């Protein structure tokens, strides 16, 4: 009889393992996973590395200028939508930087400015229309409350932009990828205060870790229903 | 993100609205249309909304609110438009407004669809045979100048809807420069007879009604919740009135022959024989027994039995109403369009006003109105008598050049007037239009207007509420279509043709408006503030509130001149009264092409996208008619065919067809939906004022044998709840309202 | 020692039975009646089992195992998934509700049972298999076949027995 | 009236049945053609609906399900009598089932497949169908296991796979016969593959018997559960007319009923087109007819119970729905259902008609019509007259698209079924042999007993 | 392991919400609609069209009952066969009642409609596969299905009109169910603002579009957990309790004497919308 049972035992064991694993699904795609998007053709090939990249001590003409992301992308901290800096912003600096005035990209830039025409930038990080990501919340949390470096915080989703010329999507930006961060690193508790009863555990993706003190609770909140992102 | 706080962000930022709009230049037209279609990240396919220059408060993703004025009807509600990424998304009420206090009716909300309407006229069009040919503005202006050359002043007519503010002033100047006095201000639906009666009774055209102070409101066909005068304002008063004065919930009694929205909300809806509203008012005065002098003399004959016989209202109801009025004071009696729409409309209105005076309501719930201290800006109120005189002139071939603005008489003139034929007799017809409506289609030159959300202007509301106010209308976004112009700009350009020197200082209407406002800065409450601050604050608020002048009311009750015509026998060929229904959302049909309004069910019948004939179920049974039957409604003037809706809220001797539908122009959302009852209206005039008596048309109906499914929101169960507790009702003696929040 | 196959066909069951009885009662060198004989028949004869002796069937154990495992798998997959997906809150219901889970468990119980029974059948019946070296299509009509596998020495004895009982046909595997 | 001859040569059984795989009567091709047409039309409707939106089916806000779900239940129901014949009667050793159970089981399988189509047809976003499957994904989301629809999906999947396996396992010996008797070609290859090397050895038969019995045992509760779960789609909801305790047995009875009616229809057709007069004999038909009659009466009773319990309850809302069914827009169909479901089967009580093929054929079609109407009358009136009077609809007539898909489903079913019968033996050869064998034995025994008595 | 997760959190996963639970904290959005103030003017409905990107389906589709008004104003008159409706009509604004034990939630096969922490009944368009079971099970029939692909249907949103669409609300394609959301886009914007300031949303800070438009302020909306909120006070004054299917006040012999009621309360869906009965004067 045992001869006959070997295969079923194997199979059932497999079934159990699969069911447990499947139901657990505690391993969503990793936060750090890279998933390169296509190279997007922009009207002007904006060099992020030149603006935000690190100083090159040996040759200042080559390195970046370490401009804070938020200097140009100023809307992100005030709105759900990051938007794109107005043309005015580019001109504001470049009208006084004579040294690069004749470079083709800058010439192109001034062409738009003179015509008072907005530059038709293409969206690089374009979520599906039914997904609503809130930049303001994330900046508040990481930069204002936790005081993390700006480039690190932005980089969670946008990748290492300071190394790029034209920005390119580096992260998957898929739901599982979002969830991986929200589940692993930012346990979910009830909103707005101390958990009541066991309610804190009610609405997360997964079982969250109870917050230790009231202050932490205020900060540590993630999406706790589908409507947070889809509406 | 919507954020009520973003209004605050706007405040305190000095800015020049006009410049702002010019530099906004947004690219990226792709609007997220498909919420569920794509399921993946889409890189590089869409364009980001980007600006050339942006003020600090313009943040993508954050709505900014601008105050302006609703142009959907004459009530002049103040609105608050939500603007995001350079496009206006939604209109809300302006909470600072004395008129609508942050609220807005469906008609007002649909204003965005007036703006974004796909059927707007986009280029100046010159008639070429039966087609319109796009021409340039320069050519259009030149053409007008050419046509006006050598034409006498009295050969020119200017037809417009009700207008006020600086546009009225500017237009007046233009007409003066043409040497014409033929400015016909026409509104198809306006309480003109009541206004005249009010002048006689109270000394003012429209006193300030205080429903919120009244304990009983007795309304003779005044649809103040629907389409009468200033419905959003009255609705708010109504809410207060229902909550009650001194804990006493207000009682609404509505007397009319066809139920209006207000009637549907009444505690007691009394159906009267069409045209006998005044008789009932006199009957109530009789029962009250408090009248003295000639009034007592007048009402002596109107004992309850006779009144009941003439009006169809039972004696007990007359007595109950009188008792209630006696018991609960102050009350308010209103005369509405159902009372005034007869040849003896003035008499009806006068009798009703008399009741108010007998009850001593004048000064309590009827207050003296406030008016703006700039008479030249005061509203020119439209009426139908103007249409008659214009029509007579047109019929006589008197006019060589006719201008038309904000009126659609080809659609709204009674069929018996043959306005369309007469209009054709005019030599050169210019229409300033948003859409190619019926009248614009008859014009030789059509000049496209900016929408109300793109244009500058000022407006003085016809009905003033709390204190006087001037409403500011300002653009909420850039022009949608490059070649439309504001009416003010057009009038200014035309004026420059006549008096170039006088107006050369004004680059455009905006400059004129700003200049004119700043000129009177002191009177407008801006004394001691510098020009820019005043101007910016004015625009930010969207309202200029003024102290205004308050007139006095006559309180003397007199029965002088109040003689009712003898009781008329029914017309044997045309046995039924035709009552044109005026609905809150469609009014006279100028906004029928706004799809939200078309699809918004009529509150009483829940019918959408179509016209209907309301018949009382009893009458219908008598005639063998069921719902959905197509009947032919024939008057002496003509006939229309429409579906029947069995409606218990109508006198069995009357039928009602709503006005506003039945367009054969005005674009995809209006054309071909429903029938136009104006077409079959006889031209009977109110004796005293010369206004059209809208309710005097008599009709007969006959079945055509066709039947359709009535397109309505109501389900197969009709208006019944089938024993479920869904919309529940309770009578006042079973509850205690004083404990409520 | 090499073995060879021998196949005899019989037209009716009684003859086949007689052959089997004789083979059982005779001791033949190089032929074990329990291991080396297979009876093939066109229909299922309960009597075959009788005269072949008590041969056990294990399929039902597969069934039991499959059903239990299916049920357990179902319940834990579902409950586990629910417990990991808190966001799927249903008003008035717990996250892991029993009645629906039992319904699904019931279905999974049957599904597991059926699948593993089939598996058991294939395993126990040795299917799918290659056809044995001697095969006659007549078995699929109405003949009963007795297939024996015997050493060279026993072949002639068996043949004799088969012939004695009026075998319709005897097939012999070629020697190696 | 002759039954299967006990002395029929087994070789002839093989021969006769194998002949059905080769040359059916002309009618076969005619039916196949019409089935293809109907299916093509239904397919066209689905493509149109898929492209345009569900609105073309003239479904509306209260009436969200329409004919799709009604027909879905119809097909699910039809599948049940296959199980009745193949499993229940197997356990009860009713040997007359043997010549006919194969096609009944095939009917089960194909009607389930047809029912499955309606799930697809009905869904608004077919392209997202996979959301309903429980598979692990990195989004961490799962379908809602509380939904009766998911139970449905699970039950139908279980039922379908079990039925297919049961059909297949039961067919293995016959596939071996077919393999041995078919000249070389793709068919023989197919049979060789599917026969899994079956030889009819004692070991194979021994395990076969147990397996067959076990699956039959599973299939019975499964079949009952499947239609109970389908009934739960309705009974679990709060809607008046659906929230009825007796729904599960009512559904099961209705299922067996419509299945039996369909078996009579298909019996008559197969008997003719495949020249199975020798095997699908009139006595067998008579037995099915009597069985059908009994089930019809059970169904009628359960119907009456349902109406009575609504009628005597104080549940005014449910009562309204019932009254609406009897007197409202749906009344012709509702009374049609009562007539076809409860009155027409009385024909079966008349002995003369129990073997009258034209009468039986017409009657069985009427019964099926009645049972289809029953499903429609379960689904539609509750939507039309639910809790909320405001949304009672007045435009519930299904559009051509819906009708097209209903007819298309009949085409699809017929197509599958006829193809199956052409490719696989639709009469179980080995079991007919068993039947003949056992009857002969029985005959012999009784003869011996008789002689002994003398 | 899922099994250990299941067992560790057993008491939580077996907890019935909200039936045997403390009410939501800190938010539970609820409404109270005063039918005595409602005049049936339809402003709420139009506001909803404007706010929530509702398609205008046109006459033909409306005739087929395929209209998409999340907020519909119903009109009833008396059933007693009187000749004239001499006490007027009753109007009833009807929208999703955001039931606490919503019948729609349990039946969705793909979990596209769930209960949120705020006590709302969420509808996730992108998850919906269109089985329409939720609508079938909704006693109020307030769920609306996209029978057609309205974004691409002629004259629903011509190019100009797409500019009016609210970017905060997804435009729904064909085959998905939708319904009133209590203007969730406004709620979450207010919550984001409040969160940024480390507080909860204040009374009056957020309005639904219908509430904002209503000329008679018949609709009040707010966080019923907040004792300062108007909606909380109204519910309390009317003695309507959220988690009851039979209100204690109705058990009194002399009748409740209060106007508050919920529609079809006996179905135990625990709606979050309380209506106040229309009042009619008895003296006239």
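Going by the order they are written in, the chains are A, B, C, D and E; count residues from 1 in each one.
Basically, contacts are C-beta pairs under 8 Å (C-beta built on N, C-alpha and C of every residue); 3 or more make two chains touch, one makes a residue touch a chain.
All values derive from a computational prediction rather than experimental measurement.
The minimal number of chain-to-chain contact steps leading from subunit B to subunit E is 1. The two chains most heavily joined by C-beta contacts are B-E. Summarising the inter-chain layout, the chain whose CA centre lies farthest from the centre of subunit D is B. Measuring from the average of all protein CA coordinates, the nearest chain centre is that of E.
Centres computed as Cα averages put subunit B at a distance of 65 Å from subunit D. For the pair subunit D and subunit E, the distance between C-alpha centroids works out to 43 Å.
A straight line joining the Cα centres of subunit B and subunit C is 89 Å long. A separation of 30 Å divides the Cα centre of subunit C from that of subunit D. Multi-chain contact residues of subunit B (touching two or more other chains) are listed as 1, 32-37, 39, 61, 709, 714, 720-724, 726. Among the residues of subunit D, those in touch with two or more other chains are 62, 125, 134, 140-142, 144, 146-147, 150, 387-388, 390-391, 393, 395.
In subunit E, the residues touching two or more other chains are 2-3, 5, 9, 12, 15, 17, 63, 67, 72, 74, 106, 111, 114, 116, 125-128, 168-171, 175-176, 185, 188-189, 192, 264. By the touch criterion given at the top, residues 36, 709, 714-717, 720-724, 726 of subunit B touch subunit D in their complex.
Here subunit E touches subunit D in the complex through residues 61, 63-67, 72, 74, 94, 103, 106-111, 127-133, 135-137, 139-141, 143-149, 174-177, 264, 267, 269, going by the rule given at the top. Residues of subunit E that touch subunit C in their complex: 2-3, 5-6, 9, 12-19, 99-102, 105-106, 111, 114-116, 121, 268, 270.
On the side of subunit B, the complex with subunit E involves touching residues 1-5, 31-37, 39, 61, 84-85, 87-93, 100, 102-110, 112-113, 116-118, 120, 225-226, 231-232, 235-236, 238-239, 242-243, 249, 251, 253-254, 259, 261-271, 320-321, 324, 327, 480, 584-585, 595-601, 603-604, 606, 608-610, 618, 648-649, 668-669, 673, 709, 711, 713-714, 719-737, 739-741.
Residues 1-3, 5, 8-9, 11-12, 15, 17, 21-22, 24-27, 114, 116-118, 120, 122, 124-127, 168-171, 181, 184-185, 188-189, 191-192, 194-196, 198-200 of subunit E are the ones touching subunit A in the complex.
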